[in-house]
Amino acid sequence: MSASGAEGQALHAVPEVATEKQTIAQAVRDAMLEEMERDERVIVLGEDVGVDGGVFRATDGLIERFGAERVIDTPLAESAIIGMSVGLAATGFRPIAEIQFMGFVYPAINQLFAHAARMRNRTRGTLSCPMVVRMPYGGGIHPPEHHSESYEALFLNTPGFKVVVPSNPYDAKGLLISAIRDDDPVLFMEPKRVYRAFREAVPAEAYTVPLGRAAVAREGTDVTLIAWGAMVRVCLDASEVLAREDINAEVVDLRTLNPLDRETIISSVVKTGRAVVVHEAPRTGGFGAEISAQIHEHAMLQLEAPVQRVAGFDVVFPLAHNEKLYLPSRDRIVKAVEKVLAF
Amino acid sequence: MSASGAEGQALHAVPEVATEKQTIAQAVRDAMLEEMERDERVIVLGEDVGVDGGVFRATDGLIERFGAERVIDTPLAESAIIGMSVGLAATGFRPIAEIQFMGFVYPAINQLFAHAARMRNRTRGTLSCPMVVRMPYGGGIHPPEHHSESYEALFLNTPGFKVVVPSNPYDAKGLLISAIRDDDPVLFMEPKRVYRAFREAVPAEAYTVPLGRAAVAREGTDVTLIAWGAMVRVCLDASEVLAREDINAEVVDLRTLNPLDRETIISSVVKTGRAVVVHEAPRTGGFGAEISAQIHEHAMLQLEAPVQRVAGFDVVFPLAHNEKLYLPSRDRIVKAVEKVLAF
Amino acid sequence: MPRTRVYEAVTERLEILDTEGRVDDALMPEIDTSRIRDLYRDMVLMRTFDEKALKLQRQGRMGTWPPIKGQEAVQAGVALAMGENDWLIPAFREHGIMVLRGVPLHLVYAYWAGDERGSSFPEDVRCFPVAVPVGSQWQHGAGVGLSLKLRGEDAVAVTFGGDGSTSEGDFHEAVNCAGVFGAKTVFVIQNNQWAISIPLHKQTAAETLAQKAHAYGLPGIQVDGNDVFAVFTAAVEAIERARRGDGPSLIEAVTYRLGDHTTADDASRYRGEEEVEKWEARDPIIRLRRYLDHQGLWDDDQETILREEAQSWVDAQIKVLEEMPPQEPEEMFTSMYAAMPPHVAEQMGELIQETRS
Amino acid sequence: MPRTRVYEAVTERLEILDTEGRVDDALMPEIDTSRIRDLYRDMVLMRTFDEKALKLQRQGRMGTWPPIKGQEAVQAGVALAMGENDWLIPAFREHGIMVLRGVPLHLVYAYWAGDERGSSFPEDVRCFPVAVPVGSQWQHGAGVGLSLKLRGEDAVAVTFGGDGSTSEGDFHEAVNCAGVFGAKTVFVIQNNQWAISIPLHKQTAAETLAQKAHAYGLPGIQVDGNDVFAVFTAAVEAIERARRGDGPSLIEAVTYRLGDHTTADDASRYRGEEEVEKWEARDPIIRLRRYLDHQGLWDDDQETILREEAQSWVDAQIKVLEEMPPQEPEEMFTSMYAAMPPHVAEQMGELIQETRS
């Protein structure tokens, strides 16, 4: 596997090694499996991650392979999952904690923010919390309440954390391996809407996709669409529609939200002069605002129009009936692009 | 008391009635006291709010006046303080819950976001949670760790909540009374740095300052400084310095962060052509980004320079020794203004 | 001085009706025979609408559904013990008691089919909406119990949760605070022995869940949760206690989830057939039917009629459900705040324009 | 069948040394007389540096300080029971045991004076930093205990918290999970009877905190926390148990906070003089001194020397503290991540420029 492949920009730049067509869920599982093989400090813990293999099967087979001491079914206690991980991580383990759905991360916020994110700074580096917190997030699967949330903004005003969101199987594996090897706590958001929506070639062996680097998922010249996770594919869809109108959209897949790859964003926007940020979370106070602010701060003079945001509405994520009305759609993105072009 | 007084724009527009020179802490206490007199559904609960009168004395004397059934000392359990308030509010009380410091709100996030903020929408209006959550926030008093935080951004991507931050005694009383009378959950952030820093005339009786309306704390023509809470005074200080350089700054005191008074912000920026947003929380992902994004979205063509943000650094709020280096200062604001003017 | 006992207490288990349908006469509560028949009817109704929901789900007419099969006795027994003005604060597997307390079935279906209007109960129904975040509802139960105490109302709060939910911090805070405040709350644990794939012994090292009451200085009791008379007896005792102002208490009802965790789950991945079969033999409905048979209170004709009535009632509720007009897009916005703020109105306008164009 | 006992809860209290300095010989643990003298020295050292901190605070040379006065026996007794490789996970009122476990006093002072370097302990000191969010540290204690178990290390985790902290959900989750996992953890509650202004009976309706162990299927014991021999005995038992792999346990040490909650508090607002006086008579240091006197192990000369030594040691530590170079502005940024991200570096650059211009 060539370094340029692993670190490359293109969405599907899979290097020429043995590959397998995998879903994101499988790629996530394999990333954990390989890191657990490689490093015995890596352990997995969470609700139903063991015998059941995870409610999304993302830990399927791990307990058979590594035993109940390294794949730990926990009691139903999110604060304990993270709080114990802090204790484990600070004393030499590299826990991968699963929060079953992002909607249930709230009880763990105290341990995440007051401790995991601060341990290194608090002790001026004497102790640290190398841990990954995996959580499925986002809408699109018509589940009960609290199962569709995208709370990334909650995590992006808290220093000490990294926040990573893959959009495809190749990145999912490479980013998760990077996250596991990272020496700081990493929040790893998994877009459950596309967990099994499609398969892509994924190298069989371990490789890393670096944290903190966005990818240009589609090159274009007229407008930059900026997204992460499941919204990347919606942006790609929108680009197809736009292409038919001779509008050539560039799609930037952020992959890491903190640290943000400002360079890739700004150089794309400088090229296209226009940007639309897309996310599932409610619009107001969402991370789209930060991206918009940074673009204006760093490329105001190159902008032909103000940055637009296509986001969820400022309402509670609706139950199944209204889910579709809530989520940013291809058409909304197309409309926003038309708006920035008409400015 | 004239309606224009209560609802007015100017920071010190105190109507001509019996007034008393009060601190913010006293004004906060009086607001509760008067509402408790007026409406027996109003109760106060939290850690040390009763016998002790609150660690900042903001509930001083209330238990003597209203008894332990309406001024409730709770066990040390933030999730219970809010979770029980949800039960109380949905069945007819109007609880004012105190979280001792904003740094300790994390354990209550689940109850705040998953329930308080959603009850009305979840039940399509059948049940609701009219409650106020008071919490001292912000830096400047050299306390131990976790006592200086400004977590407002955490609350501003969650619909269903209102978020209010007074900057002075008059507003503190009027806004808190509005918050108590509001039929939805209101987060009431109290800038502890200026709890007792100064006194101002406050009407002895009850009055309201409307939620959702910013105030122009200082009129100006050259640049708009946008801030809330303790940072308003720092902006006013900066304006004085700027005035000596013949730069005439307008200071907008947001007072309510959700719903945001976009109209006041935009009309000020349209007038001045330049804006600097100031907040204590870390810069990245802070609420300054939202304000910046909205200004660009709605007044791009009237802007002479991109909106600047003066904020905390993207680090853990430091302990006392470095606190001063962290907090936005008068000088940083002045520098940012010079930067937007030089753009 | 030396080593002294500072606390001594026991936790008891109550059983009245055995699997053969025989009761312990000394403990059998006084219940009119007609009410015993009603209990049976209630449990059959629950079973019927639960099974129907699974069918609807397979037909794509229902969202994720958490079945209550096997847990009917807990819900029917507690419902019977509750007074008219008492509040119910459910978790998410309490459709049975919710319906018995007056929540229209079509609303329960609507909720799980993905329609928020399903949590908009008639005004006189004192019931909280479903709480999906596990354990969070315990706090509301404590809060409502405090509310009733402060207001001096002659009503209590009855709140439910699963065995898994007792591991959440919220359980602890809620029961502890209720104890301190003497809240008029009854905490009912439906210990169905599984929290998705986690069996009880991986949930806690405590031998029983009832003994957790010792941590809070409260009475706690374990009952056979498939024994509707034991459940009823314990619930009456706890509710009366709370109503009198003697404070909260805890009931652990040991039962079993005969179905999958939800329609999204496959329980065969983590538990064996034998265990399920063992518990099928303890089915609370069969057990009560045996009792009725022994007492000569029921016959096959009545059974046939009941089953038919239950079916047609459920079908009628489905009809009401299906006749509900679709939600307007606006409804996503209109209940966010008592008064709609401008930015929400603006967004609502955008959506209306979009859906109408 | 009917009403059966499924659990019997007994909680014991251990006392060995009474207020007059007499011990119960049957229970008195074997401790070398020299170590008993050391215990006394340790407690006097704690008292000395604690009182000094209050002085420093009044002089503006210290930030908010939570005094440990009155709680020295708990900390000295547990420290003596711990092995070299055991981990300490403190809350925020454990300066005494932190120093005994090897945290340099000048670092403790530095931390409370507002300098993060105060939590950067020497590498061989197995101690977590102070945890200010009440109750949160219990989870780390459980996690470290699990870590030691998984790694098969011959060490245990000892974690501390206050009576108030037992009301937090984190206490519950931590102790429960430790029970499930058989974590090598000892949970020590310093029940000093107040959580700021909240007395114990407003914290829980439970008669003792030790009985909370019943909720988790664990051994729990109450000890007189002002009796260093009782504390030591219970701690040895619990630590040995955990070390053997027999799982976690809980110790409630009943003591009293003789001072204010912190230097920002005024305890006279919420508690009476008599109560404090009553507890001053039970001062753990006086009590141990009486024991030493009875045994002829101590005299006034030794006392004078000890007090002087303690003073000069504290003064020397203050000197070290005051000789620490000021933190560089960069230090706010350099430990945020293992590798500094560009935006943090950029901001660090801005600050450096600002401070140098």
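Labels A, B, C and D are assigned to the chains in the order they are written; within every chain, residues are numbered from 1.
The rule is simple: contacts are C-beta pairs under 8 Å (C-beta built on N, C-alpha and C of every residue); 3 or more make two chains touch, one makes a residue touch a chain.
Every value quoted in this text rests on a predicted model; they were computed, and no experiment measured them.
Visitor: Going by the average position of its CA atoms, which chain sits the greatest distance from chain B?
Guide: Chain centre farthest from chain B's centre: C.
Visitor: Report the chain pair from B-C, B-D or A-D that duplicates the A-C interface, where duplication means over half of the contact pairs agree by residue number.
Guide: Duplicate interface of A-C: B-D.
Visitor: Calculate how many whole Å lie between the centre of chain A and the centre of chain B, each centre taken as the average of the chain's C-alpha atoms.
Guide: 32
Visitor: With chain centres taken as the means of their Cα atoms, state the distance from chain B to chain D in Å.
Guide: The computed centroid separation for chain B versus chain D comes out at 37 Å.
Visitor: Using mean CA coordinates as chain centres, what's the chain B-chain C distance in Å?
Guide: Chain centroid spacing, chain B to chain C, equals 40 Å.
Visitor: Where in chain D do residues touch two or more of the other chains?
Guide: Touching at least two other chains: 116, 133, 167-170, 173, 176-177, 180, 202-204, 331, 336, 343-344.
Visitor: Tell me, which residues of chain A touch at least two other chains?
Guide: 74-75, 77, 79-80, 103, 106-107, 110, 114, 121-122, 145-146, 159-160, 258, 260, 284, 314-316
Visitor: Any idea which chain C residues touch chain A in the complex?
Guide: 63-64, 92, 111-116, 130, 132-135, 164-165, 167-170, 195-198, 202-204, 264-265, 269-270, 326-327, 329, 331-333, 336, 343-344, 347-348, 351, 354-355
Visitor: Quick check: in the complex, which residue numbers of chain A touch chain C?
Guide: 47-48, 50-53, 55, 73-80, 103-104, 106-107, 142-147, 283-284, 313-316, 318-323, 325-326, 331-332
Visitor: Per the contact definition, I'd like the list of chain B residues that touch chain C in the complex.
Guide: Listed in rising order, the residues of chain B that touch chain C are 43, 69, 72, 74-75, 77, 79-80, 82-88, 90-93, 107, 110-111, 114-115, 119-128, 159-160, 162, 182-184, 212, 258-260, 262.
Visitor: Sort out for me which residues of chain C touch chain D in the complex.
Guide: 1-16, 18, 24, 26-27, 167-173, 176-177, 179-180, 202-208, 210-212, 214-218, 222, 247
Visitor: Which part of chain D faces chain A closely enough to touch in the complex?
Guide: 87, 89, 116-117, 119-121, 123, 128-129, 131, 133, 136, 138-148, 150-151, 157, 169-170, 173-174, 176-177, 180-181, 331, 334-339, 341-344
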